[in-house]
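For reference, the structures are reproduced in the following blocks.
Heads up, the next two complexes both have chain A, just with different partners, chain B and then chain C.
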Partner chain A sequence: MNSTEAGLAVRRTDSQTRRARRMLPSLWKETAVGYLFIAPSLLLFAAFLFYPLLKSVYLSFYLTDPRGRVAEFVGLDNFTALFRSEAFWNSLLVTLKFTALTVPTGLLASLLLAALTYGKLRGMRAFRFVFSLPVALSVSTASVIWMMLYHPTTGTLNYFLTKLGLTPVQWLTDPAWALVSISIMTVWMNSGFQYIVLLSGLQGIADDIFDSARIDGSGPFRTFFQIIVPLVSPTVFFLSVVSVMNAFQSFGQMNILTKGGPAGSTEVFVYSIYKEAFVNYQFGTGSALSLVLFAMIMLLTLLQFRFERKVHYH
Partner chain B sequence: MKAWKQAGLPVAMAGLMVALAACGSTNAANGGNNANKPANTEAADTAQAGGDESAAANEQANAAANPQKEPVKVVWWHSMSGELGKAVTQLVADFNASHPDIQVEEVYQGTYDDSLNKMKASLDSKSGPSLIQVYEIGSKFMVDSKAITPVQDFIDSENYDVSNLEENILGYYTFDNKLYSMPFNTSNPILYYNKDMFKAAGLDPEKPPATYEEVKNAAKALTKDGKTGASFAIYGWFMEQFFANQGAEYDNNGNGRTDTATESLVNADAGVKTLTWWKDLVDSKVALNLGRKTDDTKKAFLAGQIGMTLDSTASLRGIVDGAKGKFEVGTAFLPKPEGAGDGGVVVGGASLWIMNNKPADEQKAAWEFIKYLAQPDTQAKWHINTGYFPITKKAYDEQIVKDNMAAYPQFKTAVDQLHATKLSPATQGAVMGVFPEARQIVEGAIEEAFGGQKDPKAALDDAAKAITEKIATYNKTVQ
Partner chain C sequence: MTRRLVQYLVLLVAAIAVVYPIAYTILASFMTPDESAQYPPKLFPSHPYLGSFRTVLDLVPLQTFLWNSFLISAAVMIGQVLTAGMAAYAFVYVAFRGKAFWFAAFISTMMIPWEVTIIPNYLTVKSWGWLDTYQGLTVPFLASGFGVFLLRQFFLQLPRELFEAARIDGCGHFRHFTIVVLPLSRPALASLAVYAFLGAWNMYLWPLLITNSDAKRTVQIGISMLQFQEVTVWNLVLAGVTLVLLPSLLLLALGLKQLVRGLTAGAVKG
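For the complex of A and B:
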């Protein structure tokens, strides 16, 4: 409401300069009131976002001593050392692999579950309840549950594998498996949120669209691919943006399940930031790493928004 | 829209309920913890009510005599949880009861890493502790931080007698001939083996393997019927110990003890020999690779799935009790390659540091508490309740220690191994500021060798290079 009034005021100043002079103080007042309203959130943003960001930029040009105090100006050395180090490229590769393993699979699985359960059939509520359950678990709880499932000798998964006469898998200690295992756990953990969002997206589609599709003789597959998928594409788009950001920022499950190991095969980006800043207490290189991550996520998000044109809003 | 409302609501409600239930349980757990604390202290109090009644009476008498004198408050940050935490609470309660002029407040600050990080953050404020327990590999940082008063200052000022303390333990915390901190909890790694499995495999259960070759042969014999010979956790600490056991140094400049270390020696012969042997055990399927956690190897050992494992002496009680009724546990010295030089084990565990940003009387009070903890009877209690070594030789004369040794004869191995250790820079242990990180790098290298990405020599070469770089950065920031 305020913004439309302000808009009107602006138009009036354009046309009637004389009266505009009298209007100006009230326009100024409007703006001030507007800023007053966003002041609390601006303040919080400044204290917890902008200030730390600027501080990171500052720290990224320095080395810090073991107490974390600024010790020596090194210019861009932190960044050049980063791009030259094998560990940096490894963690970038691991993060990309992790994103590729978790985002599409997670979205597909959740979409499938949502499409199967959005109808008004008997007992659907029970399924909806079960499928949305993972949203209630924190990363650490979920990690501990899967740590038990993945346990090399007393874990449930290996127990069933040996019952079936298969050789047990070293889920978290085999470099070939560790990232896959963490991805499985992450897909499961994120599925709750993705399922709820997709389900509500599906249920937001007007019933008469389905009715007319049915009258026109559209079968379930055709309905799914030609009606449901395009109509929930805004939701899928939103989820893909959020999930990619999430995947790039994952940390908890690696910290609890593998500590980045074995042999760096699950050392994602944020874990290496954590290691650099809070294990080695090198705030300088840690800040440089996190700025690189910031730039990458921003670029990725911009890239994704270019795809937004393909999304169908109705 | 209607459908969404009808179906969505229960889903949302269900989600909410689960969330609430989760909150409820955390609250309950918290409440339980809070309830536990006083109960513990109470239990501790009643347990010693007999012995300490007089002390309590003393305290009252003293308090009545000089009512205006406030006791000096000492805040002690430690990282002992669970059973160990209970033992700490009891030690502090005993001390406070017998020292009316000093009030020690013990605060559990999470793991060693957490506690150290919190301390770093508190250095420029008043919120820090007067006394802090720091793990052995944080020692170099503590010295470099210049935020502490070496305990040697107190030892010198009152000619405190340290001749009864274990030289091998003091050695670790002595830099430039100065004792910087007082050891508190000390442990070593030992080889645990399943005597019943040894018998079943036709091996002599009283003659455990002592060399790398013998470990391999024993592991070969033990591997059958779905059981595996051994499993050693990929733990950097073990690699450090294997070095010391061969009398080899881990860093240059006398293990960083004659001068600041500038180079990692982890790719030396001792390391390559160890990793080649270890990888061979895993490749020939007579040892399992269960990852980095000793918790996992311990579980497998207790489940009878592996015949041998390496673990800290601090786990001895848990392992012997856990195996009760299932099999008999044997303990042996850490193995070494055939014909290796004189060596021994490096002490692990933690020590106590006095912070220098507190008033002199508070530091003095902290020193009083340290002296109390180093007394033979305190050490004896601490030792039998936890499995850590007593830091004073006199503790072995205490009756409770003798009784404990009879109940857990396996502990003798640990004590013998400590006493058989020849003190040298190699067994004093390496000193470097980037130790926590170096450990992670070495663990990564072992994993790379196991995974076949690199051969043992190449993996250790790269690790040494990475650690040397980290040391250089660290040294640049410390002057």
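For the complex of A and C:
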């Protein structure tokens, strides 16, 4: 064992000196190999990420014709027009509301379910499978399903409401309800992913921590708030960053269920970009909007990392 | 004891709430049109009726949509694993000039939301004549900064001695990559594969923008168009959703563990 290790070490220094002697050609060759290996990714990033990002900045200073060719330089006019328009502030507000409605509720519910099902009790495997189910759904299948459930006359949700003696709700056509309805559907749709991630976070915690907590007579609430929550907080943090990003980038459910309506009450940011660029063919203002989205996502992520550094300690 | 009871009760209520939309969809798609339109709504079909499936397959080319989605997702999956694997290899094993700079550039791609680049990308793809083609649906997604990062973290954990030994045996970078590193990294490659496949399968905005014929449409777009075509016949829509849903549910049941690994791949702290 020892002798082979020593032998390896000797050979390693040997090879190092040999490499040092032919430093120049080998360095050149290494560099060529390195660029060859990163070339496919690099080319794709250049074409579909870096170039478009710069092009977005460029387009945002111009007015374009419907075919996307620049027509006139307008400086910062696209941006000032945005900040003056009511639609911009509305979509910003809708996006923030949507984030506030979906992220904390979804995380809390998933954390609760993960904490209740992580143990080895009878039947937990079945529950774990059920709570993971929504991960199999995409935005469009989930939206179509909920469209049926939300249907004002044939949808079963209103049927259940009347059964309970409540008045039926115009889920998707009442401006006061539309965003809430979409949020309920979104929380449901995302719960599978959040649950799976939190469950594997919980399962990474050693069993003896829970055992010793039980021996110390820690009740379910104390265990949840003083042991589970702090221990999975890195996972929760990761999920909250991802979920906020997702909320800011949501589009499919609004496009399928409400088309941004009624009265703009579900017109989130990406929907505005889509409408501006691909319905109104205003690629200039569309680009300005997407850059604002970029800046906001950056800012939020930065804030979340700041926040984490402040509260979180291992 | 009562504590256990409360726990099971809460779980049962939550389970019903989570499962209901899916169960409703699947059960209602086996109902006859009359049954599904009944009020009060029924939960179970009186007998399994398969007519809706037949009708929906006649009306909408769901097979084509599913096949398109499968092709695109498989291409994106293979592409991302290959490009990310190669780049990650270079960042771990090859000492080349400008490595730190390019690594930072690759990592920074994870910060750029896809929506920000969508307008120029649409214009690019359009000017190349790639609208409504498989290239247009796949090529922009063949590289992944996240994939590079994930695989790099895994390659870093591989024993360094293997690399030294392979070099001494005269093994070049290409052979070392294909014969030593890739086979050893199967778990990480599988995680990335699942992650990439799912991401491509669930894409919505991009295929919505660049496809306009049934021949190239993906299942996500096809399924959301059912509602416009057959507004009144709900159980046809539900039958279509069920047909699309069953394969994914089956995969979930069979491969929950791999899926979990793929999905939580992003949660691994570097």
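By our rule, the second predicted complex is superposed on the first by the 266 of 314 C-alpha atoms of A that agree within 3 Å, B and C clash if a C-alpha of one lies under 4 Å from a C-alpha of the other, contacts with A are read in each partner's own complex, and residues count from 1 in each chain.
Basically, a residue touches a chain if its C-beta (ideal position, glycine included) is under 8 Å from a C-beta of that chain, and two chains touch if they have at least 3 such contacts.
Fair warning: this is a prediction, and the values are worked out from it, not measured in the lab.
By the touch criterion stated above, A:63 is placed in contact with chain B alone, chain C being left untouched.
In the superposed pair of complexes, A:196 makes contact with chain B and with chain C alike. With both structures placed on the common chain, the touch criterion links A:259 to chain B but leaves chain C unconnected. Shared-chain residue A:175: touches chain B; no touch with chain C. Of the two partner chains placed by superposition, chain B and chain C are both touched by A:129. When the two complexes are superposed, the chain touching more residues of chain A, out of chain B and chain C, is C.
Residue contacts after overlaying the shared chain place A:53 against chain C, while chain B stays out of touching range.
Legend: residue contacts after superposition of the two complexes on their common chain; A:143 is shown touching chain C, with no touch to chain B.
By the document's definition of touching, both partners, chain B and chain C, reach A:278. Of the two partner chains placed around the shared chain by superposition, chain C is the only one that A:42 touches, whereas chain B remains out of contact. Looking at chain A, you'll find residues 68, 129, 132-133, 135-136, 151, 154, 196, 200, 278 touch chain B in one structure and chain C in the other. Of all residues in chain A, those touching chain C in their complex are 8, 11-12, 15, 27, 30-35, 37-38, 40-42, 44-45, 47-49, 51-53, 55-56, 59, 68, 109, 113, 116-117, 121, 123, 127, 129-149, 151, 154, 156, 159, 188, 191, 193, 196-197, 200-201, 220, 234-235, 238-239, 242, 245, 248-249, 251-252, 255-256, 270, 273-274, 277-278, 283, 286-287, 290-291, 293-294, 297-298, 301.
Interface residues of chain A facing chain B in the complex, by the touch rule stated above, are 63-68, 71-72, 118, 120, 124-125, 128-129, 132-133, 135-136, 151-154, 170, 172-176, 196, 199-200, 203-204, 206-207, 258-264, 275, 278-282. The residues of chain C lying in touch with chain A in their complex are 3-4, 7-8, 10-11, 14-15, 18-19, 21-22, 24-25, 28, 37, 39-41, 82-84, 86-87, 89-91, 94-97, 99, 102, 105-106, 109, 111-124, 126, 139-140, 142-143, 145, 148, 161, 164-165, 167-168, 173, 177, 201-202, 204-205, 208-209, 220-221, 223-224, 226-227, 234, 237-238, 241, 244-245, 248-249, 251-253, 256, 259-260, 263-264, 266-267, 269.
Across the interface of their complex, chain A is touched by residues 1-4, 6-8, 10-11, 14-15, 18-19, 22, 113, 117, 120-121, 123, 141, 144-145, 147, 234, 288-292, 296, 299-300, 303, 305, 433-434, 436-437, 440, 443-444, 447-448, 450-451, 453, 470, 473-474, 476-478 of chain B.
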